[in-house]
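Here chain A shows up in two complexes: once beside chain B, once beside chain C.
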Partner chain A sequence: MTAQEVRLCGLLLREHFGEVVEKVGTHLLKCGAQNLRTIIHETGLSVDLVKKSLCVLVQHGASTFSSGRKGPGSPTEYHASCDRILRILRYPRYIYTAKTLYGDTGELIIEELLQRGHTTMSSTVKTVADRLTQNMAEGLTMDYSEVSSTFSKLVETHFLQRCPPLPRVGNKDSSAPSETPAAPGTPAAPVNTAPPTPESFPECYKVPSVTLIGRGKRQLASEDGEEQRSAKRAKMDPETHGDEGIYWQVNFERFHLHFRDQTIISAVANKLDQTSSEIVRTMLRMSEVTTSPMATCTKPLSANEIFRSLPPSYNILRPILDQYLTLLVDDPMEFVGKAGESGGGMFVVNLHRALANLARATLESVVQERFGSRSARIFRLLLRKRHLEQKQVEDFAMIPAKEAKDMLYTLLSQNLVQLQEIPKTPDYAPSRTFYLYTVNQLPTARMLLQSCYKTVANLVERRLFETKESKRLLEKSQRIEAILASLQVSGAEPEQLTEVEEMITAPEKQQLDTLRLHINKLDSAENQVDETIFLLESYINSTNASS
Partner chain B sequence: MAEVKVKKETNLSDPVEVENRIKELCQQFPHGITDQVIQNDMPHLEPQQRAMAINKLLSLGQLDLLRNSAGLLYRLKDSQSTSKMKGSDNQEKLVYQIIEDAGNKGIWSRDIRFKSNLPLTEINKILKNLESKKLIKAVKSVAASKKKVYMLYNLQPDRSVTGGAWYSDQDFESEFVEVLNQQCFKFLQSKAEAARDSKQSPMVQRNSSFATSHEVWKYICELGISKVDLSMDDIETILNTLIYDGKVEMTVIAAKEGTVGSVDGQMKLYRGVNTIIQPTGLVKTPCGLCPVFDDCHEGGEISPSNCIYMSEWLDF
Partner chain C sequence: REERGGGRTMAARGRGQRTLSFTMETVKGDAPPPSVQQPTPVFPVMERKPLPLTGGEEAEYLLALKQDFRGAMRSLPCFIQPLVTHRDVERYSDKYNRSEQMDKLLDWAPGEAPPTASDQSKISSIHCFFRIYPIRNQSLEKKEEQETSEDEEGETKKKQEEEEAEGEEEYDEEEFEEETDYIMSYFDNGEDFGGDSDDNMDEAIY
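Showing the complex of A and B:
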């Protein structure tokens, strides 16, 4: 929980949930697990507000509660999870992936779940059906069964999972956090200290038998205002569908595995060719559910299996496939390895090594863009050769001595390169020590990750600043749009409409356009930096797992 | 028979005769003779006389005094070199000898001082003298530009002093290296593209995209962009820089001894490659390249709200 991470989490919480939640959230992040009284006391907010903020955080999985440190019976403590809050940055990517895999229905399901945190299947299906019906042509409605089937597909491929049921106390009926504010002060039953992971429950991915018959309702225009107001408030649906108490959440880990696979496939396509990347894609698809998230490499697959599972559009002959596999194995990047000879050759995808290579390529690209291609040459040289003296660096890189010295010192000052002293005499006299330059990949990756967090926080702040600067203008444009909409609905004449439109002057319009452009640019930049964050985080986590 | 007897009766105690005899012995044994050999040859000679003769020859500069593990050796000096040193005194001869011993690596003036135990002023005078006589020359070392090493006039300086093919007049020729770099890369890239377009089976494709270091060397020599002759080792150093640029990868394969370009039974193959990722997201933002990134925080002089780099980037 570094300062940069806390700053970024604060900004994200403020944008998505408001300032009160931000205050409570950052306080929990900075001070660790605390009970309700302490939070109220230290943040200076009212009991009501703190309770509501904690509800919001728990609903979205950003905070968990457990029994206090002093043993059962002491007040529950709340613990905020920094990782979960940083995932908010990645929501657009999750939604886009769902769209590419499962179409609009999938996209809307994931969007609903991300917005609400934890919901039941029935409520999600209904809301999504309504939204889809909204956008469809007149007279068509979306059937609930279609949405349910997409939901089930998402569960089957593990993109959605059930929230773990919380331990009960006494005869409480509802265990899982529901949409109405529950009293967070109730102490939990004596539990083990580690919170249960969703996957430790056997029914994690079981779709409940839900009776959902019906079609989506198209909303009429007059209901618009009411709908917007009640959207935030929980809909008290009188019907029951047989899945009360079963709440679903998005399985972020599964999405991360998917992203990782995508990156590996595109790397293979860049390095070799399209067919090799298709082969790797097939191998990864076959090992989707059989490989654990922290595995070093996928389960061995025989060449026969791969041949049978290739998509039919790629009809390559068996000997050609063998050649491609041999080439993949021989490649210095070592994406694919050979694990045995049975079944025509057993092949695995080396996940951790692929991640390390990708992280190394990221580091090299950062050095190249920041300092130039010659510094990048020195950086790559040091990565390969580990420890080198200054003279050797100059000789290998074929850069004149003065320039090489300058570049090395710049890299050293930015902490991308470290100096290792090897003394010849015990008194470390400078004239009698060897000074070797070296690059350590893991610490450098961590340092870059922190820079990424700071960069995203900077981008978010700049976006908020730009919005604040033009607040007056934005409000004016919003008012005018509202007036226009109401005039159109009540059937006004074109002259009235143009008169209203002209209330915004041309330079103001231009200013609004530039503002929109800026905001879009900052938004897309945030997403791009998030890709780097994902790569570096996966690499660092993979080294944690194996060590 | 009679002549032999005549020889034997010659008076060998004549100093000139002694010297000549010693010179003949030296010629017989070009590697040098020890005192023992002289003694064996002229057993009746007094050690004093022997010593006197040897000293005379040494001072005349006709004999070289060397030391090996067994003892002292005397060797006949070249008549050519002896003529050079006429008119020089002993100190100069000593200095000259030291410089000669250093071969084509040259020797620094401080080292000469250590070896000869002469004071610095003397050394400088002698070096100037010898230089004016065109017997030695000073060569600037490429490693330390202020350091001058001395070597015999007609010797070629060693590569370590001049830096080899990449240095001309003590200057690193970076443009030359750059040009070579790009040419090699273009050659390998075009080879890889030709292989890719050939649409054959993947194994053949990959193998034809490889080029041995020998092929690259031949191509560069035929291009004729280099004024100096480049060896295969030079080309390999250039190809190594391409590897460090991430544009080329190398494999080593075993090759028969006889095939062209193989060194010690193996050949190095190079081929052009692409990078595995696009430039990463962080560097697409101004913060990723910002020189004052560490000084930037909200509310400070440099902050995201008033960042000029961001303003320029947004208006781009």
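Showing the complex of A and C:
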């Protein structure tokens, strides 16, 4: 957990959960596992606030608890998970993917689950049905069963999973467990060395049989205070639906696999053509269930199978398919590899190789945008040829000596290029030592990833700064909008509306527009940096898994 | 000075050596760039402007999703505000009303001895594990102005699993919070009356 990661996590917690949770969360990130008393003492917050913050963090999966280090009797300790908090950056992408795969219903289900952290199926279905009903035309309502079926589909394709039951800490075993009734026996170990993953429980993807009959309720625009007050009063919901205690969460890893596949397919489409990308998409779809998440390549598929599984709209001839496959295998990006000759040729998608090449392309593009195309040429040269002397760099890159030296030194000072000494004599005399320039892809990717985290943190801070600067103006405009809305609801005349609108002067309006533009730009930039973060993280994780 | 840099990158390092391990004659080429004596400027002039952001429908939709999500999170109960009481005058009822501000959602107590700083602690020291049901918040998601956490009302059910019980009673918070003989609503000083209906301006307030 680097300083940049902790800083970014703090900002994300602040924006989504408030400053109190930020304080508790960053404290846990910096200081490791701690028990409640220590947290209270060291953050200086009140007991209730710390308790609430920990609840929120646990609810959203950002924190876990386990028995203390000193054995079963010691107080429970809480750990915060940096990776999980950084996922918040990717929430819009998850929601959008759900929309493309499962429509508006899927989008709202995923959004609801991301907002709440852990919820039951019944409450999610009800809330989503209500929201969908709200947006539908007058008189139409959304049926619960439709939402339930989308939910089940999401579970079947593993985009949603059950939350693992709480670890049983200590010796209390006689009292009836009030946790998930459907979970198999909870782990008995008093001290958990590693928290069990959700997938280690066999019922992880089992949809409970839920009795959910009904339709979404449209919330009427309440005109008088009576309805508001009754809505505000705590409602005791007497219905139970048979799935109490079974909580669901979004399965981020499954989304990441989907993103990885999408990235590979679009890279093939950009480099080659649409048909090749369709072939790769077919191969990936066929290997979805047979490939483990950390595999370096898919299981071999024969050309015959691929031919049979191509989508019907792509009726290409068999020899053409063979030609395409040969092209894909020969391509330097190494997306597809040949694994044998039986069945008309056995082909695999090289997942790890593809990720590595995509990460390499990212690094090259960064160097190109920061230092120019000639520096990028030197960088690519060093990536390909591994170790080169300065003279060789000048010759191969076809750049005059003086400029090549300048560029190399700039890259060296930015730590994108490293210097390797090879002595001829034991005393390392400079005149008798080879100095070779080299680029190591993995450490450079890590460095760039940290730089991305820093970038996003800077973007967030700048956005908060801009908002704070114009806070007065924003509040004024919000108030005026609220007044306008209430006037329109109660049916006011146009003169009153224009009068209210004119309370904002023209230069203020312009200031607001510029502010909106800046904030949108900063937000959009965060989204796009997150795409790079995803690519680099996938490459680094894939390399660690395969080594 | 450049010597320091030369001493580190080249292999022949001595402790605090100030002499170069090479001289300018043996090394071919020009002098190295002049050394920098101060930190780099905060906003350096960029020689190459960065590429513009990718626009398009997808990017805009993602942007809208992100901003909507952030806005929605602010109105959910998991957004915890620090308690800020803007009271002009300190009132006697403050001492008894403080607990009303916080949600009575948690009966969960710290594992150790109760903290002495707070005077509300008749809390039993019980180890509890819990699962909080999602707190439903119906009306607030529609209002854009009300961000204060005092308005949070919702239902929670919780389940506990006790590990150690030290035999102290739990108090019913409603009645017996502060060892007073009066029910909590006795200390209601009337400041909240009529404060909820500020939205409809055209209703006359008598």
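Assume the second predicted complex is superposed on the first by the 508 of 547 C-alpha atoms of A that agree within 3 Å, B and C clash if a C-alpha of one lies under 4 Å from a C-alpha of the other, contacts with A are read in each partner's own complex, and residues count from 1 in each chain.
One rule holds in what follows: contacts are C-beta pairs under 8 Å (C-beta built on N, C-alpha and C of every residue); 3 or more make two chains touch, one makes a residue touch a chain.
No experiment lies behind these values; they were computed from the predicted model shown.
Peer 1: Does the superposition put A:Asn458 against chain B (first), chain C (second), both, or neither?
Peer 2: The first partner, chain B, only.
Peer 1: By residue count, which of the two partners contacts chain A more extensively, chain B or chain C?
Peer 2: Tallying touched residues of chain A, the top partner is C.
Peer 1: Please work out whether A:Gly18 is in contact with chain B alone, chain C alone, both, or neither, and reply first, second, both or neither.
Peer 2: Touch status of A:Gly18: second partner only.
Peer 1: Could you say whether A:Ile320 touches chain B, chain C, both of them, or neither, answering first, second, both or neither?
Peer 2: first
Peer 1: Return first, second, both or neither, reflecting whether A:Glu369 touches chain B, chain C, both chains, or no partner chain.
Peer 2: A:Glu369: touches chain B and chain C.
Peer 1: Of the two partner chains, chain B (first) and chain C (second), which one does A:Ser490 touch, if any: first, second, both, or neither?
Peer 2: A:Ser490: touches chain C, not chain B.
Peer 1: Please indicate which partner A:Ser123 is in contact with in the superposed arrangement: first for chain B, second for chain C, both, or neither.
Peer 2: second
Peer 1: Which holds for A:Gln418: it touches chain B only (first), chain C only (second), both, or neither?
Peer 2: So A:Gln418 meets neither chain B nor chain C here.
Peer 1: Check whether A:Arg93 is in contact with chain B, with chain C, with both or with neither, and answer first, second, both or neither.
Peer 2: second
Peer 1: Between chain B and chain C, whom does A:Ala525 touch in the aligned arrangement: first, second, both, or neither?
Peer 2: In the superposition, A:Ala525 touches chain B and chain C alike.
Peer 1: Residues of chain A that sit at the chain B interface in one complex and at the chain C interface in the other, please.
Peer 2: Touching chain B in the first complex and chain C in the second, residues 369-370, 401, 521, 525, 527-528 of chain A appear in both lists.
Peer 1: Could you please specify the touching residues of chain B with respect to chain A in the complex?
Peer 2: Touch residues, chain B against chain A: 166, 172, 174, 177, 181, 196, 201-203, 206, 237-238, 240-241, 243-246, 249, 251, 273-277, 279-285, 287-289, 293, 296, 298, 303-305, 307, 310, 313-315.
Peer 1: Can you tell me which positions in chain C touch chain A when the two form their complex?
Peer 2: Of all residues in chain C, those touching chain A are 9-12, 21-22, 26-27, 29-30, 32-33, 48, 50-51, 53-54, 58-63, 65-67, 69-70, 72-73, 76, 78-83, 102-103, 105-106, 108, 110-112, 115, 118, 121, 127, 129-134, 136, 138-139, 142, 144-145, 151, 153-155, 159-163, 196-197, 199-202.
Peer 1: Okay, in this complex, where on chain A does chain C touch?
Peer 2: Interface residues on the chain A side: 15-21, 35-37, 40, 46-49, 51-53, 55-56, 59-60, 65, 75-76, 91-93, 95-96, 111, 114-120, 123, 166, 169-170, 172, 175, 177-179, 219, 225, 228-229, 231-237, 245, 247, 369-372, 401-402, 405, 409, 419, 421, 423, 427-431, 433, 478, 482-483, 486, 490, 520-521, 523-528.
Peer 1: Which chain A residues qualify as touching chain B in the complex?
Peer 2: 263, 266-268, 270-271, 273, 275-276, 320, 323-324, 326-327, 332-333, 357-358, 361-362, 364-366, 368-370, 373, 376-378, 380-381, 384, 396-401, 403, 448, 451-452, 454-455, 457-459, 461-462, 465, 514, 517-518, 521-522, 525, 527-532, 535
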